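These notes are about the structure you will find just below.
Chain lettering (A, B, C, D, E and F) follows the sequence in which the chains are written, and residue indices restart at 1 in each chain.
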Amino acid sequence: MLRVAIVGASGYIGGELLRLLHGHPRVTVVAATSDRLAGRRVDGPHPNLRGHTDLCFVGHDAVEDAGADVLLLAAPHRETMGRMAGYLTLAGTVIDLSGDFRLRDPGTYAAYYGVPHTAPHLIPGFTTGLPEWHRAELAAADRISVPGCMATAGILAVRPMAEAGLIEGPVQVDARTGSSGSGASGGPAAAHAERSGALRVFAPSRHRHEAEIAQATGHTVRMTATGVEAVRGVQVVCHAKLAPGASERDVRAAFHAAYADEPFVRVVARRQGLYRLPEPKILTGSNHCDVGFAVFADDGTVVLVGALDNLVKGGAGGAVQCLNVRFGWPERTGLEFPGLHPN
Amino acid sequence: MLRVAIVGASGYIGGELLRLLHGHPRVTVVAATSDRLAGRRVDGPHPNLRGHTDLCFVGHDAVEDAGADVLLLAAPHRETMGRMAGYLTLAGTVIDLSGDFRLRDPGTYAAYYGVPHTAPHLIPGFTTGLPEWHRAELAAADRISVPGCMATAGILAVRPMAEAGLIEGPVQVDARTGSSGSGASGGPAAAHAERSGALRVFAPSRHRHEAEIAQATGHTVRMTATGVEAVRGVQVVCHAKLAPGASERDVRAAFHAAYADEPFVRVVARRQGLYRLPEPKILTGSNHCDVGFAVFADDGTVVLVGALDNLVKGGAGGAVQCLNVRFGWPERTGLEFPGLHPN
Amino acid sequence: MLRVAIVGASGYIGGELLRLLHGHPRVTVVAATSDRLAGRRVDGPHPNLRGHTDLCFVGHDAVEDAGADVLLLAAPHRETMGRMAGYLTLAGTVIDLSGDFRLRDPGTYAAYYGVPHTAPHLIPGFTTGLPEWHRAELAAADRISVPGCMATAGILAVRPMAEAGLIEGPVQVDARTGSSGSGASGGPAAAHAERSGALRVFAPSRHRHEAEIAQATGHTVRMTATGVEAVRGVQVVCHAKLAPGASERDVRAAFHAAYADEPFVRVVARRQGLYRLPEPKILTGSNHCDVGFAVFADDGTVVLVGALDNLVKGGAGGAVQCLNVRFGWPERTGLEFPGLHPN
Amino acid sequence: MLRVAIVGASGYIGGELLRLLHGHPRVTVVAATSDRLAGRRVDGPHPNLRGHTDLCFVGHDAVEDAGADVLLLAAPHRETMGRMAGYLTLAGTVIDLSGDFRLRDPGTYAAYYGVPHTAPHLIPGFTTGLPEWHRAELAAADRISVPGCMATAGILAVRPMAEAGLIEGPVQVDARTGSSGSGASGGPAAAHAERSGALRVFAPSRHRHEAEIAQATGHTVRMTATGVEAVRGVQVVCHAKLAPGASERDVRAAFHAAYADEPFVRVVARRQGLYRLPEPKILTGSNHCDVGFAVFADDGTVVLVGALDNLVKGGAGGAVQCLNVRFGWPERTGLEFPGLHPN
Amino acid sequence: MVTCPECESAVVPAATPVIGEIVECGECASELEILTLDPVRAALAPEIEEDWGE
Amino acid sequence: MVTCPECESAVVPAATPVIGEIVECGECASELEILTLDPVRAALAPEIEEDWGE
């Protein structure tokens, strides 16, 4: 059994890591950290784990004594970069879920996160934790940075077009997210009576994740983000100009070429039924990212849609998938849950 | 114009008082208090009032200088009783929305609120702010205590049966409430990701409002309260034993006798359609309380249902209705909004 | 009292017209039509009206005998155009809420509605029912066509920029809508278990209302529409390129110039608080349309946001506002409800 | 591999059976029936199964040719009893999810279902499909009738008290259910704009499932059912009188005695945290039923709470659990998903 | 005017009632069928079974 | 096996296809009508207009 420690295990991503790893046959969780809840049972903040585990939290620093083979970091961005050098000494493999090591360029980081990067020399050592586009490197990677939730949906939806040269110019990404995307400590904006039924355009443009999508696709990206009524779930609706001559058939072919053999990406672009384009509600709990498209020949535009569960494929599930790739296990291990309908 | 001051105007009840009084042709709001937001515009925490008012908050103590004819108190229970003696010197009429002066017996208060009452001598001076059952007294009352939101629904649903001697023995009240019932400062339990979709039995029995219903009906009451997915809205489903010989016709007649001329109570007990018994969702924003019943002759039981908007008929609207009664204005003044469907 | 007849009174728009006109001091409803429910009480399908009216439906054809001064048409598009010639003989003023007489060009109608227009000669006689931009004409108009719900939000958000020459090139409109937008007869797609929590991109581009926004603004419009978790409410998020030299100050000034004196349009673009940009949840039941903006000088783009209640400002409320303008009454008459918070 | 056929596979229970059996290592689905969708892919109505199966529906009668070892019946009640004799000839084991063979007494059936039972001679052959209370019989049963969703929650919550003699007299059950409880063909009452936010007391008393709970516990049961805002999820809140001398300790001990070794029943009765009593939202997709209690010594009453996902433990999952028991497989096989938090 | 047999409320049929017409009780929403015109008498219309909710 | 005219995916009809039968493309969910059996050929089935969503 591989020994895994989770830093930031009391948060929403931490809880999801606990859930997934608990069901993973090759892994044992040796430490789950929280300063706030040190000594308490993990099934307190994560009541779905009742009856499944007797694990208790340890303080963040106790991860040093955990003897872990792998460290999964689910701590806040800006907090993570300063501690990374230390984490790297503690385990052979480190998988970071924060935003701190996703952007290759420290200048871009500073522009989007509002603070200078404090460990820029460590950035180049990280591999992007997106198996669909980095599987080979991940198989040998010891430092992995998992993309953001909206970024994952955006990259999976846009990159096949970009790689195939089927779009040109800037991409407008309209992202929608549930309340769990802000983590367990949302503050007054997260109060149910305020957040319920919201259509809150909290980032009318320049949302952080646009830098990740731009980096992964080579296109200029403008990204709007709206908080919608949902706990889990992210959807991106992306607008781009088709390259001259690109047809719907080319688009479909490009998606198939990219994802036909992917265990967790489904191409959803249907002409009938209720679920014609990707929607997060049937993906809750699942590691799927659904991607789809609609081509408008009349004015040469394409709409690309991606959907996922931010805590699974957009976070903890993506990290576990990387772990599977890294250790040569079947990629679906521990990630079999297909999602629910109705839901 | 009557000069009204609102203490605790930054909260949810305070905001609703501002909304209703803004639309009231005979009232002007001379002070709206908040320590937390003193000096800020009231349309900050109450964005629905944008464009309707330029009022700003003053600190709680500034109410002393407001020269108000009427004080509306929307401060927390336990906080209100200690300050009441002071408030009573400030205005000719005081209408309290907290729980502190609802129960006639200080011992009962202590049992339900967990602290002794600190101003028991002031309790007898208060009239219950429920026009349906205390209209005549309210017309001359200078100290009014508005019942709790679930209590209002419960009393309006149960009391006609009790008065007519149609039920006997204890009454089981199953109350359901939206998240605004906890006010604007709900803490971690109020976070959207936790509260959303909840069916939280936060009081499996002995909810505070049971004492109010018992006091108003003369029956022993056992009350369960569950937080449900909604921002506004309260519903009570009450179970009682019919008195020997009581028939469905008697029940209907008793409800009609009690409420036929009431401007804000509708008897809803229908044999077809989607909305056969009272439901809060079509009452949002309205001052109606719908009450209904279903009689089971086979085992001699009756189910009584009440529904309202906790911030309106169950709070601010009830207070404004009392104000109208007290000052001899048409009772519907400022309370005309009928509620929405669909919603 | 003005005698008003409502055609299609059993639907969601029809019900909202009944609610608003019931509260309107200058109007009496002389007929409410439904073939499906002829003879039944209007408070059956519209339970919020219980206790407010004893009106019953008459069949659609019975409108001929109603002796109405004004006809309000809330029937389906494609059904309305064929009957319009007849309706025009029945009353001096006709206000149509369907899509059939909104587009000036029958060819555009055919392209967007999929059928040829069967009464193109009647189109020029209609005035657009949007007081903010057509108040003077409406004061004398006998045939009024109220814009679509998403179109209203889109036009109010985009047109000040267009008029002031502050944007150039095509406008991308991302619209979101609640389930009541499909009316009362939604079919299987409308089932709660399927529609609940949806983020359904039912029109990835080319939504019908884009033609209305294009017509009103003179810009090319591309419009995406997504069904979101809500019963009422529409929001549009629009992306455009700023004209060279246009600054945030210019944008704000243009919005203020356009709407400073409007009773129902509020400019919402705030730097703090929870509700910084327009959101429909606090507009439920209200006739307000909130509009806002965010300017991005770095790449010369602007994001324009509009929000409203599709059944009120985006439908029945807009029609009543037109009625007020047409008959010279204060524009707010019957439309005073400010909306709720929290909600 | 065991060959299983599903009758009524296009419905919500049918879809859930497909999901669970697809992930079950010992079972292969040889037929999935629907007349309405015969020939169509099962991932049409069940979009969560995309990418997981290429199965297509066959007509209901085609189940005769399926060569199934086990028949899982997810057809409507009243429809199932007439066809049961035929089904019993088709496979060695038949597991029925409808209500038709749950009640031992045909007279009770007639009273609750409004029609006489047409196959009363077959009733005694059925074993109740609730492993927690019938595990030994189920291991050898060829005809299994799975209890109703609310009945399962009610029985699991109440029966330990009844068996231990800790309660006396009638039990009041207040049940709450999501919209999927009505199946995929809900009609106008199921429309999102009507059902959304509902607190619909559709059975103020005498709900069908009360007969099942009465039968299983030996107590008189009165059951109220309310449709709440949720797609999945059932909760029961049950009120009973404690037997003289019964203490909280006795209650807790009885629950533990009953369920300590159960794989899918958790006793949840906590004194702190947000999830102190059972709530369905964290059980979505899981086969758990959480049960809990609160004892009120002052007046000798107990409140018993149960929660589950109606489509899983309250339906398809319960059936799969029975299948596991019947064929001697580990009871958790195919049912490992623990549920999600937050959700 | 007829009396609702279900709840005894007064129900006002249309100005010119027709035999067989259905009127609705405003109180309990029962559907009444007009049986005779002079005097106007009505009885409960047969109920269509509705599975309301569950 | 036939090719979906909409998206060019391979669509496998039932073991014993029948003329006029509708098969569904697993890829784009287009509905295809079987036109001939030997060889098996199919064309897009006429679309029923669905007002999907709005």
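The rule is simple: contacts are C-beta pairs under 8 Å (C-beta built on N, C-alpha and C of every residue); 3 or more make two chains touch, one makes a residue touch a chain.
Which chain is which protein? Per UniProt: A, B, C, D = N-acetyl-gamma-glutamyl-phosphate reductase; E, F = Lysine biosynthesis protein LysW.
Please read all numbers here as calculations on a predicted model, not as lab measurements.
At the interface between chain B and chain D, two copies of one sequence, more than half of the residue numbers in use appear on both sides, so the contact is built from largely the same positions. The chain pair A-C and the chain pair C-D differ in C-beta contact count, and the higher one is A-C.
If each chain is reduced to the centroid of its CA atoms, chain B and chain E end up 37 Å from each other. Here the CA centre of chain A is 45 Å from the CA centre of chain B. Multi-chain contact residues of chain E, defined as those touching 2 or more other chains: 29, 50, 52.
Among the residues of chain B, those in touch with two or more other chains are 12, 180, 184, 193-194, 196-197, 231, 273-276, 342-343. Touching chain D in their complex are the following residues of chain B: 172, 174, 176, 188-189, 193-194, 196-201, 204-206, 222, 224, 226, 228-230, 233, 235, 237, 239, 274-277, 279-281, 294, 296, 298-299, 301, 303, 305, 307, 342-343.
Listing the residues of chain C that touch chain D in their complex gives 12, 178-180, 184, 186, 190-197, 231.
Residues of chain B that touch chain E in their complex: 249, 252, 267, 269-274, 276.
Interface residues of chain D facing chain A in the complex, by the touch rule stated above, are 12, 15, 19, 22-23, 44-52, 180, 184, 231-232, 266, 268, 273-275, 282, 284-286, 288, 290, 336-343. Chain E meets chain C in the complex at residues 12, 14, 21-24, 26, 29.
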